[in-house]
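Each structure below is given as C-alpha cells.
You will see two complexes here that share chain A, one where it goes with chain B and one where it goes with chain C.
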Partner chain A sequence: MVMLKLFQGLYTLFTSEPKIAIARVGLILLGMLLLYGAHKKILEGLIMVPMGLGMIAINASVLILEAGQYGNIFVAPLVSDPNQLMNLLQINFLQPIYTFTFSNGLIACLVFMGIGAMTDIDFLIAKPMPSMLLAVGAELGSFLVFPIALAMGLNPGQSAATAIIGGADGPMVLFTSLILAKDLFVPIAVVGYLYLSLTYGIYPFLIKWLVPKKLRGVEMDWRSIPKISRGEKYAFAAILTAVLCLLFPVAGPLYFSFFVGVAIKESDLPRHVQFLSEPLLYGSTFFLGAILGTLMNAETILDPKVLILFILGLLAILLSGVGGIIGGLIAYKVSKGKINPLVGLAGVSCVPTCAKVAQKAAYDANKKSMILPFAMGANVAGVITTSIICGIYVTGIPLVSQWLLH
Partner chain B sequence: MSTKKKSWVLGFTLAAAGVILARLVSPRVDQPLQLVFFLVGVLIALTGVGVVTYGIRKGAEARSSYQNGNTMDDQRRQ
Partner chain C sequence: MVVLRGLLLTLGAIALTFIISFLVIGIIALMYRLGKSNKPAGPSK
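Entry: the complex of A and B
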C-alpha cells in the first residue's frame, strides 16, 4: 500500500468508491475516443484535442490533498469563498483562466468576437426575410426541446440551457447555461460542444436522407446579391447592437462581442481583424476545450441528469437540422426553385461548419452549384436568431418563473 | 424623401417604440400582461430593424442598377 501511495493516481483509483473508479476509467477512455475522432477528422480537432486530453489528464491525476481528501491541481470550479479562491489561484494551474475568463462568460465572448470578425453580413442585409425565416426554421430544436426537457424533469432554467444546444452555437450554450443553470453548466457545455463538433458527421447523412439529389444540386445566382457598402454594414451593426442590448441587456455582452467583430471588419482595420480572427479566436477555443475537458471529472458525470442531457442535446441538434431542411424545402417551393434547399440547413448557426457542410453536399450533387455566399447569409442569420432566442430565454425565464410563483 | 431615408426613419421609430414598450411600459403593468407587452415590444423593435434592413437593400439595389447602366431617374420610373 505504501508503494501504491507513491503512485497516487493509481492509489486513488483503487481506494475510491467503485462507481467513481469506473466513471474515471470510462472518462479516460472517452477522452481517448475524442482524440481518435479528432485525429480521424470525424470530430472538430480545434476543440476536441484539448478537451479529450483534458478529460484523460483530470481523471488520471487524482491525488491526495490536505486532510486526506481526493482532488486535483488543475481547477476547482465550485469554490466561491474569496479566501479559498485566492489560495487555489496559486495552486491550481488552470484556476486563473477558469476564474477570470470562464465563470463570467468572458471566453464565450472572446470566441464570439473572433466569429464576428470573420462574418460577412452582406447576404443577411440583401435578403433579410429569407435569411431570418430559414434561421427560425433551423431553431426547431431550440423551441421543441424546451417543453420536452421540462417534461423530463429539468427545471425551466436547465431546460432552456439544454434547448439552446439546438442553436448549435457553442458560446451561446455556455453563456445561457452559466446564467440559467450554473449547477449543470459543465455537462451542458460539454454535451453542447460534443454535438456541435459532430455536425460535420451527422448533417451530411441527414441531407442524404431528406433531400433528393436533384434538389441538392440546384444552382443559385450569387451575382443577384446587391453590393452592400461598408458604411451601411457598419451602421447596421451599430443599430442592431443598440436595439438588441436595449431589449435583452442580460445577453448584452454577447451582442457587443459579436457586433464589435463585425464593426471592426467593416472599419477596414486589418491588424485588428487578424488579431480577433486568429490569435484571439484560436487561443480562446483552445483554452475553452482544455477547461471543458478538465471539468469532466467522475463526480460531474455521475449526476443522473447527465444522461438526460445527452439524449436532449442530440434531439435538439437533430431537430434543428431537420427544421432547417424543411425550411429550405419550403423556400425552394416558394421561390419556384431559385433557392437551394440546403441553404436551410446552413441556418443552423454553427459558423461556418453548417455553411461548409451545405456547400459540400451541393457540390457533390452538382459541380456547378455554388451556394456558399447564400449559406453564409443563413448561417449568420442563424447566429443572430440564436442570440435573440438566448436573450428571450435568459430574460423571459426569470420573468415567467416569477409570474408562476405569484 | 427617398425610400432609403424613409425606411431609416420608419425603422428607427419602430425600433425605439418597441424598446420603450418592452423595457419601459411592460414592467409597469400587471403580471400576465407584462409578458405580452414584452413580447409585442420585442416583435415591434425587430420589425423596425427589418425595415432599416429593407432600406439598406433598396439603396444597394439602386446603386448596383445605376452602375449597370440605369440612371437613378430610370430606377424611379421603374
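Entry: the complex of A and C
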C-alpha cells in the first residue's frame, strides 16, 4: 500500500468507498464512450472531445491533499469562502476560468454572441407568424417537463432548469440552472449538453416514426422569400433587445449577447463577425466542454437526483421534437400543403443542428426538397422563444415558488 | 397539489409565451411595413 501511495490516482481509487471507486471507473469509461461517439460523429465533437477527456482526467487524477483529504487540482466548484477561493485560484488550473466565466454565466453569453454572429434572421423577419408559432410548438418539452419534474420530487427551480433542456439550447440551460438550481447546475448542464449532442441521433428516428415519407419530401419555394435589408435586421435586433430586456431584465445578459452578435453581423463589421463567430465561439465552446467534463466527478454523479435528471432531460428533448413535428403537420394542413412538416422540428432551437436534421430528412425523401432557409427561420425563432421561456422561468419561479409549495 | 399548481403555472407560461411571441411578430410586421413604406419610389412609367 505504501508503494501504491506513489501512484496516488490508484491509491485513492483503492482506498475510497466502494461506490465512489465504482463511480470513478464508470465515469472514466463514460468519458471514453463520449470520445468514441465524437470520433464516430454520433455526438457533437466540439463539446464532447474536451468534455470526455475532462471526465477521464478528473476521475483518474484524484490525489491526497492537505489533512489527508482526497481531491483534485483541476477545479473546486462549491467553494464560496473568499480566502479559500483566493488560495484555490493559485492552485487549481481551471479555477480562474470556472470562477470568472462559468459561475456567473459569462461563458454562456460568449457562446451566445458567437451564435448570434452566425445567425441569419432573414426568413424569421420575412415570415414571422409561421416561424414563431412553430417554435412555440417545439417548446412542448420546456413546458410539460416542469410539472412532471415537480411530481418527481424536484423543487420549482430545479424543475424549471431541467425543463429548459427541452429548448435544446445549451447556453440557456446553463444560464437557467445557474440562477435557479445552483446546487444541481453541474448535472443539469451535463445532461443538457449530452442530449443536445444526441439530437443528431434521436431526431431522424422521430421524423421517420411520425412523418410519412410523402410529407417529408414536400417542396418549398425558397425563391419566394422576400429580400430583407441589413437595416431592417439591424433595427430588429435593437428593438427586440429593448423589448425583451424591459420584460425580463434577469435574462438581459442573454438577450444582449445574442442580439449584439446579430447586430454586428448586420452592421457589416467583418473582423468583428470573424472574432465573435470563430475564436470567441470556438474558444468558449472548448472551455465550456472542458469545464463540464472536469465538474463531472464521482461525488456529483452519485446524487440520487442525477438519474431523475437523465430521464427528464430525455423526455424534454423528445417532447419538444414531437411538439415541433405536430406543429409542422398542423402548418402543412393549414397552408394546404405549402409548408413541409419538418420545418416544425427545426423550431427546436438547437442552432443550426435541428435545421440541418430537417433538411437532411427532407432531402433523403425528395432530392429536390430544399427547406433549409425556412427551417433556419423556425430555428432562430426557437432561440427567441426559448429565451422568452428562460426569462419567464428565471423571473417567475422565485416569485411563485412559495405559493407553489404551500 | 404541487403538481396541480405546477400545471397551472405551465399553462400560464404557455399563455405568456404566446402573448410575447405575438408581440415579437407584431414588432417584426410593423418594422417590415415601415421599411417598405420608407423605400424610395421607383421610376415613374
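The definition used in the following text is that the second predicted complex is superposed on the first by the 401 of 406 C-alpha atoms of A that agree within 3 Å, B and C clash if a C-alpha of one lies under 4 Å from a C-alpha of the other, contacts with A are read in each partner's own complex, and residues count from 1 in each chain.
The working rule: a residue touches a chain if its C-beta (ideal position, glycine included) is under 8 Å from a C-beta of that chain, and two chains touch if they have at least 3 such contacts.
Being a predicted model, the structure only gives us computed values, none of them experimental.
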item: Touching partner for A:Leu43 - first (chain B), second (chain C), both, neither; value: neither
item: Which superposed partner A:Val400 touches (first chain B, second chain C, both, neither); value: both
item: Touch count on chain A, higher of chain B and chain C; value: C
item: Chain B versus chain C as contact partner of A:Leu319, first or second or both or neither; value: neither
item: Partner chain in contact with A:Leu133 - chain B first, chain C second, else both or neither; value: second
item: First, second, both or neither for A:Phe236, with chain B first and chain C second; value: both
item: First, second, both or neither for A:Ala298, with chain B first and chain C second; value: neither
item: Touching partner for A:Ile339 - first (chain B), second (chain C), both, neither; value: neither
item: Contacts of A:Ile28 with chain B and chain C, given as first, second, both or neither; value: neither
item: Partner chain(s) touched by A:Ile125 [first = chain B, second = chain C, both, neither]; value: both
item: Chain B and chain C footprints on chain A, overlapping residues; value: 124-126, 128-129, 132, 229, 232, 235-236, 239-240, 243, 247, 388, 392, 396, 400, 403
item: Interfacial residue positions of chain C with respect to chain A in the complex; value: 2-3, 5-7, 9-10, 13-14, 16-18, 20-25, 27-29, 31-32, 35
item: Complex contact set, residues of chain A against chain C; value: 124-126, 128-129, 132-133, 135-136, 139, 143-144, 146-147, 150-151, 156, 159, 229, 231-232, 235-236, 239-240, 243, 247, 384-385, 388-389, 392-393, 396, 400, 403-405
item: Partner chain A, residues of chain B touching it in the complex; value: 12, 15, 18-19, 22-23, 31-32, 34-35, 38, 41-42, 45-46, 48-50, 52-54, 56-57, 59-61, 63-64
item: Residue ranges of chain A in contact with chain B within the complex; value: 124-129, 132, 226-229, 232, 235-236, 239-240, 243, 246-247, 388, 392, 395-396, 399-400, 402-403, 406
